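In the two assemblies presented below, subunit A is common to both, partnered first by subunit B and then by subunit C.
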Partner chain A sequence: MSRALASAPATPYARAGEGMVGRSAGPGFTLVQVGAWLLAIVWVAPLLYAIWTAFHPPAFAARFTLLAPLTLDNFTRALEAAPFPRYLLNTVLLVTMTLAGQLVLCSLAAFAFARFEFKGRELLFALVLVQLLITPDVLLVENYRTISRLGILDTILAIGLPYMASAFGIFLLRQTFKQVPKELEEAARIEGCSWLGVLWRVYVPVARPVYVAYGLVSVSYHWNNFLWPLIVTNSVETRPVTVGLQVFSSVDQGIDWSIVCAATLVTSGPLLVAFLIFQRQFVQSFLRAGIR
Partner chain B sequence: MDRRIQAVYGWLLALPACVLLAAFTHWPAVASLIDSFWSTPRGRRPAQFVGFEHYRRMLADDPIFLQVVWNNFLYALVTVPAAIGLALLMALLVNERIRARGLVRLAYFTPTVLPMVAAANIWLFFYTPGYGLLNQILSAFGLPDTNFLGSRDTALWSVMVVTIWKEAGFFMIFYLAALQAIPPVLEEAARLEGASHLVYLRRVALPLLMPTTLFVLVNALIGAFRVVDHVVAMTQGGPDNASALLLFYIYETAFRFWDTGYASALTVVLLLVLGGISIAQVRLLDRRIHYR
Partner chain C sequence: MRVTRRGFTALGAAAIGSAGLGVRPARSTEVKLTFYYPIAVGGPITKIVDGYAKRFAELHPGIMIEPVYTGSYQDTMTKTLTALKGGNPPHLAVLLAVDTFTLYDEDAIVPFDELVQSEADRAWMKSFYPAFLENGAIDGKTWGIPFQRSTPVLYWNKEAFAEAGLDPERPPATWDEQVEFAKKLTKRDSAGNVTQYGIQIPSSGFPYWLFQGLVIQNGGQLMNAAGNEVYFDTPEVVEALQYQVDLARKHGAMAPGIIEWGTTPKDFFERRTAMMWTTTGNLTNVRNNAPFPFGVAMLPAKKRRGAPTGGGNLFIFKRATPAERQAAFTFVRWLTSPEMAADWGIATGYVATSPAAWETPAMKKYVAEFPPATVARDQLQYAKAELSTHENQRVTKVFNDGLQAALTLAKSPAQAMKDAQAEAMRILAPYR
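Entry: the complex of A and B
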């Protein structure tokens, strides 16, 4: 399944593009420059607009004046109206737990697929890859039934559990593990390392960049995930921020857009700030990973 | 190492992940198929075998289903090429030596990091009748106020815009990586032959980007059938199912009308669509669209 196979060439994001070598002047280039900038402005406008509205009094929600007073009032009111700190905590718990589960399960499975010979290995691996296409959130009805049979409806575990065995993580780590020279592994074995010791001391350190990439992709996917958590959660103690935001803004706020915008920023803020700081790592990870 | 011990180790390592995968991906897929032949249990009445009744109902008795399939088809037909085209354009622009290239690239990419629900909320504000920015722009040009999300003619299109806004920047990074992986020698050679920059782009760069296009295309297509967060947040499928997509209809059928038997049958249709995309992809790969 080459959705992930087409993972990208190693370098790209930060390198200087050489598109117009020696042609930086001329009317054609000006056109490119202006076009690029116009598109960029159009593209961030919605986000900037939301930021503007969130930081100004409601009277200025759709009115632009340079001298409009700045305020944090909308954030205070949003936090009073809904338990966003709790939602944020839930999301942090969710992404941490999910990622921890994924790292352990996927490492073990990838190790098996990369280094152990056993009957049915290829078939099993092919079956694993099916999940690249059919993610658990497509199978809402049956997965809801399973979760309710397990008696864990409306828990944070219920949101994360279906994603913990990630085909994508297994695939990515298997690729990496396969590139580890066997001599390294044999040396460790001779030194008296157990199999799990080999995985931990030899394979995991080699794959560290892949773990980072996978971790960033997983965290941003589960931070943003919505439909599945919407279905399996039903209380303040379990809802992640995305669901919290939806519950908050669909209850009639008298359509106070200033508060809704503030709430929206609270929801996406932490991830957005993390992205702005670690921009290059994020983009590299998305590239390496190929899916969110 | 003894072959038998290796096999046992391999199975044990892969087992935890495989159990979870089977529980939340393979079994539910099979269970959906089985349940689709049974009626929904209600109260004291247990599920009864109804054969192909659900499928007959879909085609003959359920105009909403046909509408939803048509909507989803149109949605994919518009958003996928639009997002890919824009992504390519963005990558080409950002690959040139324009001023403040980092900022422009950031502007294109940032919407991708937002949760879909947050993006939907921002656009809800944008689309607000009478008050939102879009209607302010319309009225500045003397055009009548439009209820973008509330009218049958515009609701689906308004949802599409959000999808394109959020996806294009994500696909851009793949094109950008591919563009920067093209050896500069090729452009030099083209220039020596007297080819203009545009000719180089069309004749050399674009064909080399074909594998990326295929990869992005498959991802976008799958996404078009798998993501409905914005439909939930913006329109609830309305007005009058004008903006409902297939997965949203499944969600509605299962969790609002609690008609799980029918929802299972709808899930089977969705699985067939996803499977179809995957088969088409493998076929295309066989035809060596990639130049490696």
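Entry: the complex of A and C
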């Protein structure tokens, strides 16, 4: 089972490499393939270790014998330590809500920046770009104050809100929209399409790969985000999985890898499965969108 | 039920908000306190703390404690400071004792001296082991009450001792013995690779802590009580560092380079090291997982015995209203009463913080069943305050970097400590 998992993510990359280099030279081809395999093995090793450790008793966490007894005990203990199903639900709500907000806001903003002439447009866009240069951690206190004043501390909305007007998303979509030929838009206008109609019928379909790629980046970022959710939430009802996992960050005592790995699998599992299912679309979207 | 709880939180937030404006809600029979609690020990720790909050609520119907689990000590500090600057700090929190200066400099906390009222309260403040109070004292006042406190001890594998021809009941008592035993305990396979090291003194993450044990044993200390001066480049410190480096590099009895803190107990269980230095907080973990008989001892002596204290104190925040502060104080007093301190110590392996706690029936029974539990307590008479200064995180980082530079041979111990001293004193200049 683990072998199948190991080779699964590697294949498409290896094939892509084949296609690109196969034309030029023989030795380059093998080199790329070996490289791809090496990278794939390095990438999957921690995951394999996590799977091994999660399904074996703690005594076998660092001893690899084929006959080691299998157990689900670690999962039971992990689920006892914290309400992970609830955390998982919170995370799913969080990433969906954040992504929805981002898609709407970024599309509208990008459309305006790409297609409308208005006073101060360049300056405004420069301001948006400046946001790209600031790491979110610097804004912790200011964001907290804002959220606190809005009176929505300790809600899922509070975790997602500061990220909804994403500068990266605006920038990315604006660049994509700019490449759309004006003729398409004009044709739609002549057919009697409203501005929002143009955005919806012309621009959004053309930018689909960018949306998919951006969506993946956003979802995986917010799935993994820790510090801000920790700071702005207090209760089980609002906290995402990353914050839920903190019950295992026991620095004063040794780390119990078995239970940490079990919990990690529970929490990252859905994302991994989603990636395996949609990997072809994702890879293609990334290639087309030019984010790598 | 969920909805009601959320509603409650909103109500609580509203209460805090209006209290800040001097408008008290008419119906203020219930005080609701937010309690930030960092997760520093494994196991179902959140259940224990939730249980305490519930028991307290039954005893004091007017006060409700709401524990908020806040990750590691680092994360908790970040969350606390952010919430503080956002005008919404918790009412009380467990934070590292060494962060007292930072909280004091931020004007975030109140001294307990202002909260005590009765003679009994004053006696309670004096009821703790003095070593645990050191890190919480500034300007002659007590800003933090010891709660989950620890100190490093030496664990040894009795089986490995017997195999190496050592007396399995006698741990090393001096630095020289420690080297000698560790060398004997180091096992190599036919190819010359080490299969079992004699000793591990972890040096990742917060290497200063265990190292400070060596410094105190060598008759030195790392900082003054006012927290504005450090003594990193004194001969006592450099010698101690040389000793730690030599254990690995000269005697080959310890793994060279940086030794991971979190995996050291595992190495001990797997017999990759025969002795280890780590916190007494690991006692329950070792007791449950060591597949061989083990012993717990005080750290060996050079000029004297010695160890730093460690762990977290309870703090009460300034922004709370007088009523909330008093309620928080009631909770702190209850939580640190002998019975509760004993209960907490038994559940987690932390050192119960007052002599009275060790006289409770529960603790006496525990000690009778598991005598190693007393080692850390008995070592307290030799213990000193953990490294803590103004700008604590920056100063400690400078020192950690110096230690790790020496352990990885990037610098000589003397050079590393000289550089760390200069940098730390520069950071502390505004406080002198």
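Simple rule for what comes next: the second predicted complex is superposed on the first by the 215 of 292 C-alpha atoms of A that agree within 3 Å, B and C clash if a C-alpha of one lies under 4 Å from a C-alpha of the other, contacts with A are read in each partner's own complex, and residues count from 1 in each chain.
Methods note: contacts are C-beta pairs under 8 Å (C-beta built on N, C-alpha and C of every residue); 3 or more make two chains touch, one makes a residue touch a chain.
Values in this document were obtained by computation on a predicted structure and should not be read as measured data.
Colleague: So which one touches more of the residues on subunit A, subunit B or subunit C?
Modeller: B
Colleague: Let me test your reading of the model: by the given contact rule, A:F275 touches which partner, first (subunit B), second (subunit C), both or neither?
Modeller: Only subunit B; A:F275 stays clear of subunit C.
Colleague: Who does A:L140 touch here: subunit B (first), subunit C (second), both, or neither?
Modeller: both
Colleague: Have a look at where A:G151 lands relative to subunit B and subunit C in the superposition and call it first, second, both or neither.
Modeller: In the superposition, A:G151 touches subunit C alone.
Colleague: What is the contact status of A:N224 with respect to subunit B (first) and subunit C (second): first, second, both, or neither?
Modeller: In the superposition, A:N224 contacts subunit B only.
Colleague: Which holds for A:V247: it touches subunit B only (first), subunit C only (second), both, or neither?
Modeller: A:V247 contacts subunit C only, not subunit B.
Colleague: If I apply the document's touch criterion, which positions on subunit A are contacted by subunit B in one structure and by subunit C in the other?
Modeller: Residues 61-62, 140-141, 144-145, 227, 230-231, 246, 249-250, 255, 257 of subunit A touch both subunit B and subunit C.
Colleague: Residues of subunit C touching subunit A in their complex?
Modeller: 2, 5-6, 9-10, 13, 34, 39-46, 66, 68-73, 75, 78-79, 82-83, 85-88, 148, 150, 205, 261-266, 270, 278-279, 281-282, 284-285, 289, 291, 311, 349
Colleague: Under the definition above, what is the set of subunit A residues touching subunit C in their complex?
Modeller: 58-59, 61-63, 80-82, 140-141, 144-145, 147-148, 151, 153-154, 227, 230-231, 234-235, 237, 243, 246-257
Colleague: Taking the complex as given, what residues does subunit B use to touch subunit A?
Modeller: On the subunit B side, the touching residues are 3, 6-14, 16-21, 23-29, 31-32, 35, 89-90, 92-99, 101, 103-104, 106-111, 113-119, 121-126, 128, 131-133, 136, 165, 169-170, 173-174, 176-181, 184, 187, 197, 211-212, 214-215, 218-219, 222, 226, 228-229, 232-233, 247, 250-251, 254-255, 260, 263-264, 267, 270-271, 274-275, 277-278, 281, 285.
Colleague: Could you please specify the touching residues of subunit A with respect to subunit B in the complex?
Modeller: Subunit A reaches subunit B through residues 1-3, 6, 8-9, 11-13, 15-21, 23-24, 28-29, 32-33, 35-37, 39-41, 43-44, 46-47, 49-50, 53, 61-62, 105-106, 108-109, 111-113, 116-119, 121, 124, 127-128, 130-131, 133-146, 161-162, 164-165, 167, 170, 195, 220, 223-224, 226-227, 230-231, 241-242, 245-246, 249-250, 255, 257, 260-261, 263-264, 267-268, 271-272, 275-276, 279, 282-283, 286-287, 290-292.
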